[in-house]
Amino acid sequence: MLRERYINLIVLALLLVVPAHAYVTGEPFTVTLATRAVIFALAGVGLNLALGQGGLVSFGHAAYFGVGGYVMGILASHAQNYEPILQVPFLIEGTNAMPVIWLVAIVMSALLALLVGALSLRTSGVYFIMVTLAFGQMLYYFTISWPAYGGEDGLSIYVRNQFPGLNTLDPIQFYGICFVLLCAALFLVDRINKSPFGLALNGAHQNEERVQTVGINVYRVRLVAFVISGAITGLAGALFADLNRFVSPTMFSWQISGEIMIFIILGGVGRLFGPVLGAALYILLEHFLGGLSEYWFIYLGAILLGVVLFAKGGIIGKLAKREVSHDG
Amino acid sequence: MNTLLLIEQILNGLQFGVMLFLMAAGLTLIFGVMGLINLAHGSLYMIGAFAAAAVAGWTGNFFLALIASLVAAAIVGALVELTIIRRLYARDHLEQVLATFALILIFSEATRWIFGSFPLFLNVPEVLKGSITLPGGIQYSLYRLTIIGIGLAVAVGLFLLISKTRVGMRIRAGENDREMIAALGVDISVLYTMVFALGAALAGLSGALVGAIQSVEVGMGEPVLILAFVVIVIGGIGSIKGAFAGAILVGLTDTLGRTMLPLVFGSFMEASAATTVGSALASMLIYILMAGVLLFKPTGLFGAT
Amino acid sequence: MTDSILSVRNIRKSFGALNASDGISLDLRQGEIHALIGPNGAGKSTLIKQIAGGLRPDSGSIEFLGNDVTRLNTAQRARRGLGRTFQISALAMEYTVLENAVLGAIGQSGKVFRLFTPAMKDKALLDRARESLKRVGLEAQENAITAELSHGQRRQLEVAVALTLAPRAFLMDEPMAGMGAEGSKALTEFLQELKQEAPILLVEHDMDAVFACADRISVLVYGKIIATGTVDDIRANPEVRVAYLGEEDAI
Amino acid sequence: MISTKAKLTLKALGTVTAVALAMASPTLADGHGGKVKVGLITTLTGGGAGLGVDIRDGFMLAIGQSGNENIEVVIEDDQRKPDVAVQLADKMIQSEKVDIMTGIVWSNLAMAVAPATTAQGKFYISANAGPAQLAGKGCHENYFNVAWQNDNLHEAAGAYATQAGYKNSFILAPNYPAGKDALTGYKRMFEGTPSGELYTKLGQTDYAAEIAQIRASDADSVYFFLPGGMGISFLKQYADSGIDLPVVGPAFSFDQGILQAVGEAALGVKNTSQWNKDLDNAANKAFVETFQAEFGRLPSLYASQGFDTANLILSAMAKADVKDADAFRAALKEADFESVRGDFKFGNNHHPIQNIYVREVIKEGDVYTNKIISTGLTAHQDVYAAECKM
């Protein structure tokens, strides 16, 4: 287990050094790429709680990612146009303050996860995979055909939202915000994994009946995990929207759900840093393979296939050798 | 909406459902027998359509094209099963989803590499062109009626295959107990390859049939794949009967939903708002249907509990 | 029946045409080991599932500690003090022995929704888990991965996890299965001690073990209890001999 | 020197540069020798790749023909994903330090990229998408559109339908913003009353239900906007249904790349376009000829737009240094280049004022293609121009 810890530290150090170096040497796009990786990693950390720890294979986490994005888009566009979101029965104004947007994004995606989880967790296995996918698709088609916030065109926000005391338009400062949030989420998830709750959640993944018979309501444990998981992914969605200063229904597409899953598998299912390493690797692959050939998806597909077939436990699983308790 | 139109729309729903069944049957069979979630099933549909378009363009014969779609999809299916898929049977669903997702990327771009970025041409054969008058004076496309016919024939054929033949018996046994069938001396890996190729062939056939009235292009398989998953989840995964019921239900819900909902909303809303709301709801309808079914029957209509 | 801890009253459960439970009544009294025996397919596991809460009977009721628990789920019954061990070990195989026992302690403590305190540093949970492990004699193996335990040790761990719940009654599904003669004997002795604490409803295939340790025995055949009584009663019961022991002898 | 970061275009480039300089074009000799770096983001993978490939090929053909060594083009694939397009735009601006961005096919991607680009002081020159927001209130001095405002072709179709004497068209489009704009555009110029108006699901491929509604209606014609595969599916199914109402559509579903896949189902259909290969001007003749020689296929509408876009940029380079934004903008505004469309000029909102033609699908030998039959709208400007304060 020690070695996994070293890998985690190295990943963390790289996430600090690479963008800092890029910033100093005047390569802002590398910082942007790193920001993208960190935000995707955050989305993956969220899903990993449900998928890695809880064994809940959600194929619809794009729903929370998208809701987070749209919370940012809606709040900021109203602030941008000085139009209140709601006047009756009470006044709700838009905002461009990041902390408020984050909070709303977390709450809204948690509420959605509560609803979707409460219904989906009645099923299991493939049915769970597919019913979560169905909820994602529902939202996807809803946002495309909902005219108020741009439909398929999405919403553009011309200026990045603000964080007190920082200049968020400066790539490195925005990166810093995302990095700190990722670290906070990692810390939180690590605490959860080690808590009685985490023990029960992962125990239920290994043997549901065992956890039931010690008097723990597995459904409720999973639901809580699902809600936290959705909330973290929702926060990532809000950051992603701020990175691009743009939201659109593609944030809800099933390909996004698939990509978030890919990060986890690439890095290592149930490993704390799995999604972080996976997202970073995916962004690197996308960046370098994209320049290689017009048909670069073939290479990407082949690499993914290789990881699934030959590197069980993901990259961290390969590097850390020893199987940790969570991957099955 | 008058009765004739309603009947025509019901026929359209049936045709859509039957087409979905061809996709869903293979998917559900593969899941039932091997326990595999195959996202690349949509790629086999695409391969069938491209093979048909290529052969039709070359020979000008639609029926040869249909055969080509069956053969090409079955061969590709068997090859993929032998090289990659069989390594996934023992893996969990998550890894299957990922590996077959990777296969989609490979198949899509490889197809584009071979056939180019533009859609291909495939048309309804002369003999099936135009429409015929059904009893009651309904004008209906002959080709669509043919699709309904082929779909029903495949459904009956599959049912007979599974319930009456030796291969079907092995398939049923394989669903229940993999070790038992291995102990019986049936070469399980040959059986798996056959089942996978059969599922692939059905997907390919469906791609070719649909390709004649739709666009033969890269990426055509994924929307259908998702619908086919909705179908088998509603019907109960692993059940051919369920796939059939689910397919017809989804076909009818979708077709009637998108014609009726704007009208329903129009009865109490302003016309353009009704169109918007109705269409939006219609596009979500089958997912709502699926969530609803799973709420009451968490393993689908015909799923084992 | 004032000293009855658990009573099953006339429960019925059918799957299609099969009556798996055909009006079963039975009770578990303070301080006893009550064994449930019956040939394969008699409906033992269906009955156990209904008592544990995994399956709801079509009709009839189940009372535990004087309360009707028929509509409660597994977790709720467990919290009321129904401890259970399984026929095939149901443990979190990737966890250590101690972690499995702590899982039981978490269920007992109601601390499951503590999200931010490390479970393996919670003294109360650890103490409780270690105490149970000590009682079954697994204290030396607490850091072993469960999947690496021997068959017998897993049985012991099952009992230990059940013990962490301080149960008022035990439901044990074939605890002797797969254990050697030595192990069975040791376990029998342990059960004799345990029953003082909470009565045990034991489903067991091993006839020698049953006759050695049970205070009372019920015989289940085709979804019906055909006899209940002491070891001697059952040995002497002609119906049982025909329906059950006869078969056993023939094998 | 033409260089691209993306190696994927090297093959195409190698041959492009070998093409003889068929046309007079601005060259280094003009003296305003400032280098220009262009970022071309377009869709090169996935289902919609055909359009992006055409824009790229048209664009690079013009660059190659010009022989101008002061223009450098960086090409990237947006995979038709808005977030990828935004990332690439960031990359182009932040690390490639491009002066001009172009190439995006789809309106939703353009909406994600163009405003951010112009806000950072760079030029965005659209080779295809022309969403209403960017033509009206959201117009920007650094945003130019060489193709059209999104409504234009639909308006022309409405005008044509009126000319043709249709009184009650049945109209349908996908349920998304461009679809709604399309039907609005059509109705703006159509003097009859639509007998039915339908919004279909984006990506829908089966139109049996809609066709049944058309059959049951009292319409005298059908107008549809269903881009990409949706249009192919609709046309095939419509032809098969036996309904013989005349069909009108925008060029998108009848363009060179797509037409072969529709086949005879498209024969005789009237569609509206600002360009066709038979437009009678020297620039167009040379373009069609060299494009066909170079790539072995007939050019499409998109290729013509890519070609014009490149020539517009080259014409401005001949007059001004891109570093002098005001002068360069003025040079762009003049649109002093030989457009393959013939006359071409920009309106106040930097969108074209141009003729939109009515074409008919015909078969030339084995190839389905279009011929111009009339002019739908002459020197047409979009309605949003009035809202643009420029």
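Which chain is which? They are A, B, C and D, in the order written, and residues in each are numbered from 1.
Methods note: contacts are C-beta pairs under 8 Å (C-beta built on N, C-alpha and C of every residue); 3 or more make two chains touch, one makes a residue touch a chain.
Keep in mind that this is a model prediction, so the values were computed, not measured.
Q: Farthest chain from chain A, going by mean C-alpha coordinates, please.
A: So the chain farthest away from chain A turns out to be C.
Q: If I rank A-B and A-D by number of C-beta contact pairs, which comes first?
A: Contact tally favours A-B.
Q: With chain centres defined as C-alpha means, what is the inter-centre distance between chain A and chain B in Å?
A: Distance between chain centres: 32 Å.
Q: For chain C and chain D, let me know how many angstrom lie between their CA-based centres, rounded off.
A: So the centroids are 74 Å from each other.
Q: If you average the CA atoms of chain A and of chain D, how many Å lie between those two points?
A: Inter-chain centre distance comes to 36 Å.
Q: Calculate how many whole Å lie between the centre of chain A and the centre of chain C, each centre taken as the average of the chain's C-alpha atoms.
A: Here chain A and chain C have centroids separated by 43 Å.
Q: Quick check on chain D: which residues sit in contact with 2+ other chains?
A: Expected reply: 45, 175, 199, 201-202.
Q: What parts of chain A, by residue number, touch at least two of the other chains?
A: 141, 144-145, 147, 295-297, 328
Q: Where in chain B do residues touch two or more other chains at once?
A: Counting only residues that touch two or more other chains, chain B contributes 108-109, 112, 276, 279-280, 283.
Q: Give the pairs of chains that touch; include all such pairs.
A: According to the stated criterion, the contacting chain pairs are A-B, A-C, A-D, B-D.
Q: Which of the residues in chain B come into contact with chain A in the complex?
A: 31, 37, 84, 87-88, 91-95, 97-99, 101-106, 108-110, 112-113, 226, 229-230, 233, 237, 276, 279-280, 283-284, 287-288, 290-291, 294-295, 298-300, 303
Q: Which of the residues in chain A end up touching chain D in this complex?
A: So the residues of chain A touching chain D come out as 27-30, 32-33, 36, 141, 144-145, 147, 150-154, 156, 158, 171, 240, 244-246, 248, 250-251, 290-297.
Q: Mind listing the chain C positions that touch chain A in their complex?
A: The contact residues of chain C facing chain A are 52-54, 73-76, 78-79, 83-84, 86, 90-95, 99-100, 102-104, 106-109, 111-120, 122, 125, 145, 161-162, 164-165.
Q: For the complex, give me every residue of chain D touching chain A.
A: Chain D residues touching chain A: 5-8, 44-45, 76-77, 81-83, 86-87, 90-91, 94-95, 107-108, 111-112, 115-116, 119, 131, 175-178, 180, 199, 201-202.
Q: Residues of chain A touching chain C in their complex?
A: Going through chain A, the ones touching chain C are 191-192, 194-200, 202-203, 206-207, 209-218, 221, 224, 325-326, 328.
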